[in-house]
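Paired with subunit B in one complex and with subunit C in the other, subunit A is shared by the two complexes that follow.
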Partner chain A sequence: MSAEVRHMKTAAELALAETYAAAKQKLPGKGPLAVLREDAFRHFEAQGLPHRRVEEWKYTDLRALMRDLKPLASPPDASAKARAKTAGKIIGDVECRRLMFVDGAFASELSDVTPETGLAIASMNQALAKGDALVGTHVGKVIESKDAAVALNTALMGDGAVIRIAAGASIARPLHLIFVATGGKPASMFTRSLIVIEKGARAMLIESHEYAGAGSGDYQVNAALELVVGDEAHVDHVKIIAEGAGALHVSSLMASIGARARYNDFSFSIGGAVVRNQLFLRFDGEDTVAGIRGVCLLKGRQHADTTLVLDHSAKGCQSRELFKSVLDGESRGIFQGKIIVRPHAQKTDGKMMTQALLLSDTAEADNKPELEIFADDVQCGHGATAGALDEDLLFYLKARGIPPKEAEALLIQAFIGEAVEGIEHAGLREVLMEAAVAWLKARA
Partner chain B sequence: MPAVQETVDQVRLIDVDQYKYGFVTDIESEKAPKGLSEDTVRFISAKKNEPAWMLDWRLEAYRRWLTMREPVWARVDYPKIDYQDYYYYAAPKRNALASLDEVDPEILKTYEKLGIPLREQEMLAGVVRPEGERRIAVDAVFDSVSVATTFKEELKKSGVIFMPISEALREHPDMVKKYLGTVVPVTDNFFATLNSAVFSDGSFVYVPPGVRCPMELSTYFRMNEKNTGQFERTLIIADKGSYVSYLEGCTAPMRDENQLHAAVVELVALDDAEIKYSTVQNWYPGDANGKGGIYNFVTKRGDCRGDRSKISWTQVETGSAITWKYPSCILRGDNSQGEFYSIAISNGRQQVDSGTKMLHLGKNTSSRIISKGIAAGRSNNTYRGLVSAHRKAAGARNFTNCDSLLIGDKCGAHTVPYIEAKNASAVFEHEATTSKISEDMLFYCRQRGMSAEEAVALVVNGFVKDVLQQLPMEFAVEAQKLISISLEGSVG
Partner chain C sequence: MALLEVKNLHVEIGGKKILNGLDLTVEKGTVHAIMGPNGSGKSTLAYVLAGKAGYEVTEGQILFDGEDVLAMAPDERAAKGIFLAFQYPMEIPGVATMTFLRTALNAQRKRRGEAEFSTPDFMKRVRDTAGHLGIEQDMLRRAVNVGFSGGEKKRNEILQMAMLEPRLAVLDETDSGLDIDALKIVADGVNRLRSPERSMIVITHYQRLLDYIVPDVVHVLSKGRVVKTGGKELALELEAKGYAEFADEAA
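Up next is the complex of A and B:
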């Protein structure tokens, strides 16, 4: 889309090319998988790191924000694994099956891999190396994406989870995928996961990206998850981004959702210096109901961008989107949401709402809610608001003897509560609200 | 129940005469050599007897334009334009006239046919008009030149300057120099820069401090000549405490080639001034298969330079094959206000990418955007808008409502708003909906004996009412008629 002359390659782009050239022989996967990597890298190389003239990355100029490339993370040693044990606390005592990825590599000894009927778990590294059929069928194919960050992930994907939930199975405990950076030295991680949930299955997925090292952490994460939700399946997906204060985090969800399914998605973004959370979802079957929500809590000079593309490709699907961001300090919160309704996707019902709460005059909220509609018998709408806390409400609370900071905290809790309520799991709802309260306390 | 004869007649009438302004006026005209070069720019400047600084200004713009590329971000798709294939200047042979009587009768006939009164006496005489009825002063632009401007003398009495911009460049060069290019800089964008180099005619309006312009001002643009581009430039300055309402209309003959229209409109409102700018855009939209039609690439921007100033844009967009137009407000003065009311109707294979920008810079500025898009046939209709509050724009407020209506399943309606808040005290609200005309509503109307066409027209009129109310009376009537014509053929 850019009409300008191609820039000189940046240091990070040069480093990516070098790193890819040096690593491609060692990266897992042969034959078609190696071709997939190569094509992805060529695709990335042709466009370079996304910059502000690329419409989809208008507000997150990765070329400027990613000055260099950290070296690819080396496999975790004993001390890294010891530090990693502290990760996952953000969800408190919610009973889960933990799957631990330390510095981008699957750590089976820290994970719960006890067998369960209908559940198959493998590491992406091994699945790629073996040329696993599931991986061959789906990786890089769930959603055709032209996105540069996704291409980069495909080119350099190392490890991650490969999970298959059999038709009709109901997985008792939520699966908690913990991606933890341990911060021994500067590093970059390219994890790729594939989760296939077959017809009529029920599962809850929690994905958390955390930091378990000292200081703010000097690392880069490019994580991608491909998710296939079968017909009539019922799936919850919660992503928690709680990276270290120095981290650059880019993650992409690519999901294809079948007919008559129920899909519930929630993103909680609280950490990281620069965060780009991309969601590409497509309804491939009729009459599916989906809720996609998110909360962003930002302070200091944090930058967080949530970009959602929701493709109504089938008839009669209903989607509700609600994204809230609370912006303090000099932070910048971005929401870009696009609802596409294809010509044959009649009777679509889509509603998108995005709200930003600015707590300081130096914070910035950018909203771009888009509708792209090609079918005439649809109901689609979006709303966007930006503003400060309501003075009248604050006054009301203060008049009842509640101290100003507490009054503010109460109103902010109510503000984000509306989105958090969309999470079906009560325990998770509670711990995330607690995390939000802790964030508010730290602010005061 | 068969349709009543009256309905059938009415439908047949619009059927054979869908675009009723598509006639060609057969008139000899003088043209610049085809194509664009420095010589073309010099030719235009010389034709208009412009001061030297104006030529330099144009040449600078031309050189700049050569380094620019055509923007491609809008949701419009058209074959590459060959800028050397147009005439950049075309004027009816007999111009520079002392009075209306000298105007070529063919041109007068053209305007008569279009329903634009050019003779002041006809306005005064003729039918008995009710006391106090508003009159309209008209500047008629035919291809590249203004052929007549009415009520000039009467306007002069109240100090209002209303004349073609080429005349203003000769008579009030200082004033033009002071304001020209200050709202839309020469380097603003590809089409604005092109316009700066080759602009031909347009209107110049200056309303002195404290004056409420005694009548509506209007410009009527007519593109007649084949293969020409029209590049008008309008500059309106409302000095402190003044008020002016300005209307703009445009039509063109039906031709198989695409014609280019790249206009620039600049509005400046000083302290406490108000400008109301209304457009009914009805350029030839091309035929049902997308052949022909006007490429309408327009840069319109208003600068609320003074405190408590107000600029209001109202537009009804029914014509053009391609519309690329974003009338904007720069809310620089404290407590200034910007408004944008728009109805964009696309039919056939029309492509519309239109919207507005509200840039809040001053304190306690407010803006309001009401946009209604209606897509029918195989058209694509996009609303694209930006609302932004600068760091220092404390107390900025915006309300945006953009609704789209789809008629048929071959068209597309899109909404692309950008909302950027850099100030905590800014309050922005945006809402948008897209839907089809409800079957229930249509059924209700049909049940009461309306034809399908009438029912759709009624529902659509209700849908766009918010915007139509903002139009001056004379235009509202025309706009309403236009809406029913544009929608012809979209039912069934």
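Up next is the complex of A and C:
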């Protein structure tokens, strides 16, 4: 008795179908790429927007949370580009190569595209249009995902970055991909990026999603990044989600990581009405060491969901996952983390910890750690905690003359500091801690 | 006027009476020892002075420099100059000892309307003070009390006291868990801080600590009240006879 009950399509689903039908001829890419889009859309259409009865989306009922679809963003005009210039400040004076994507479109005139040995940068729109080989090889193929949000992104992908870092190259400055919404009018953006880091290369990637318009911002983001990390490469990826207070943000990282690589991932989620941050990672080669960490700072009625699937497909890899959330007001923080250890992935060493700090009686933390282990010689563990600040610790600080708000801030900084410490770049660690301190001050 | 006046203090925790009309007067520049058996209310007195939540004062008064202490928040009391050296110092993962000290010192100074210390001035002070207490630079960089031995934790309390320069220091069983060498270091640290401008209340179960920190006045606490007050010789008497006599007296 499992007769499928088709639900009535929601307004957003109907709008997605109409938008796709109207846009598909104009969206970049022909032949196999057009087929990829079409297949993705059919896959999405068959399941619709994910809802609470879909286990992976249990805590983030996108069908209920996404009431409508905002029109696809128009290419940015001069005033949008002018507003966009303020974006990227969240990382302070950390020296980077800035690549700007304004309302979903690559803005080369706002980006640093000066040549550098071993680094190739292109726009996804152009790469799709001309049937670029790298795009043909990897887009939609890095991690075969059944996820509805990823399928939607594939169906409607417009622009984004296509970056290739040659074998053995060491890229001096971090690459900062800035995806900024400028808020001229309600809009939706479907950016897709592909970054291929070849064998033995060293790179640091920063991805920030920001808002540079007035008010809280009435827009929707569905962003996806496919990342290929070659054998022996050393890669850091930091994603900052600092959307406007009215934004709906869904983003997906799909990463395949080669052998003996070092991979360090950090997510910092601070802005947006509804945020779903998906990380799908797979170890494809042996003896890789990875750290996957994140911090979520939520207040008001913010909802942020971090969903991680980590697939140990090769033996001898070590992964450490640490996710911290600080929840104030009526916010809701969700962490779902699944570690899969394939039968041949012996000697896997994986440890996952998620901790939520609740600053109010009305905040909610949902933690769902899962282990699926098919190998017999592994070390895996997970832990989850949720609680308020320790009253005895607070008293100790207050008894030394530290006012209550400052004492709380100090303990909260210490709480998230443990995760932030995992970022290798000292300057970036500092600016993210500063952003956290600013968040705490705004709270007081 | 005495620096501290505790008058007829009655305190309950969760409906259970712990202090029953405690009186205590501490003059400026004096060191008072409070001794007593387990459960006599020694630590409760320490926590009530510092302002810990959960202690309900049902009657009585605490005046510090003539001001009503019970009306002040813990951080306010600290800024006025009341310092509690904890029996069990807390571990604060992620907060470096140096950061903690500077935050506390500058918060107190700010509240008192004094200028905050510059980084170099602060560093110099903390290095000098830590040196006297045999505290290594490495310990200052580590998170507060995390991975510290019992002796290190107590030395860290005395370091905080030295940096914050309180007018009244309450040392709650500072000797507990210390071997004789660690005890001497801590007592030396405390003695260095004795001054005509600073009063101390040394709470201890054992007379041993008072060989090193010699008090001006000794009080015996039993069942939530001071049942005997005397000079330093009272401590020796207690050591010889035990607390049995006072337990009966208070009953």
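Convention: the second predicted complex is superposed on the first by the 440 of 444 C-alpha atoms of A that agree within 3 Å, B and C clash if a C-alpha of one lies under 4 Å from a C-alpha of the other, contacts with A are read in each partner's own complex, and residues count from 1 in each chain.
One rule holds for everything that comes next: a residue touches a chain if its C-beta (ideal position, glycine included) is under 8 Å from a C-beta of that chain, and two chains touch if they have at least 3 such contacts.
Nothing here was measured: the structure is a model prediction, and the numbers come from that model.
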Which superposed partner A:Phe374 touches (first subunit B, second subunit C, both, neither): first
Partner chain(s) touched by A:Pro71 [first = subunit B, second = subunit C, both, neither]: neither
Broader residue contact with subunit A after superposition on the shared chain, subunit B or subunit C: B
First, second, both or neither for A:Gly92, with subunit B first and subunit C second: neither
Contacts of A:Gly300 with subunit B and subunit C, given as first, second, both or neither: neither
Which of subunit B and subunit C A:Glu406 touches, first, second, both or neither: second
Contacts of A:Ala386 with subunit B and subunit C, given as first, second, both or neither: first
Touched partner set for A:Pro32, first subunit B, second subunit C, both or neither: neither
Residue ranges of subunit B in contact with subunit A within the complex: 69-73, 391, 394, 404, 406-436
Touching residues on subunit A, where the partner in the complex is subunit B: 1, 3-4, 55, 343, 346, 356, 358-388
Sites on subunit C touched by subunit A in the complex: 50-53, 73-75, 77-79, 83-84, 86, 89-90, 92-95, 99-100, 103-105, 107-108, 111, 143, 160, 164
Residues of subunit A defined as touching subunit C within the complex: 391-393, 395-404, 406-407, 410-411, 413-415, 417-418
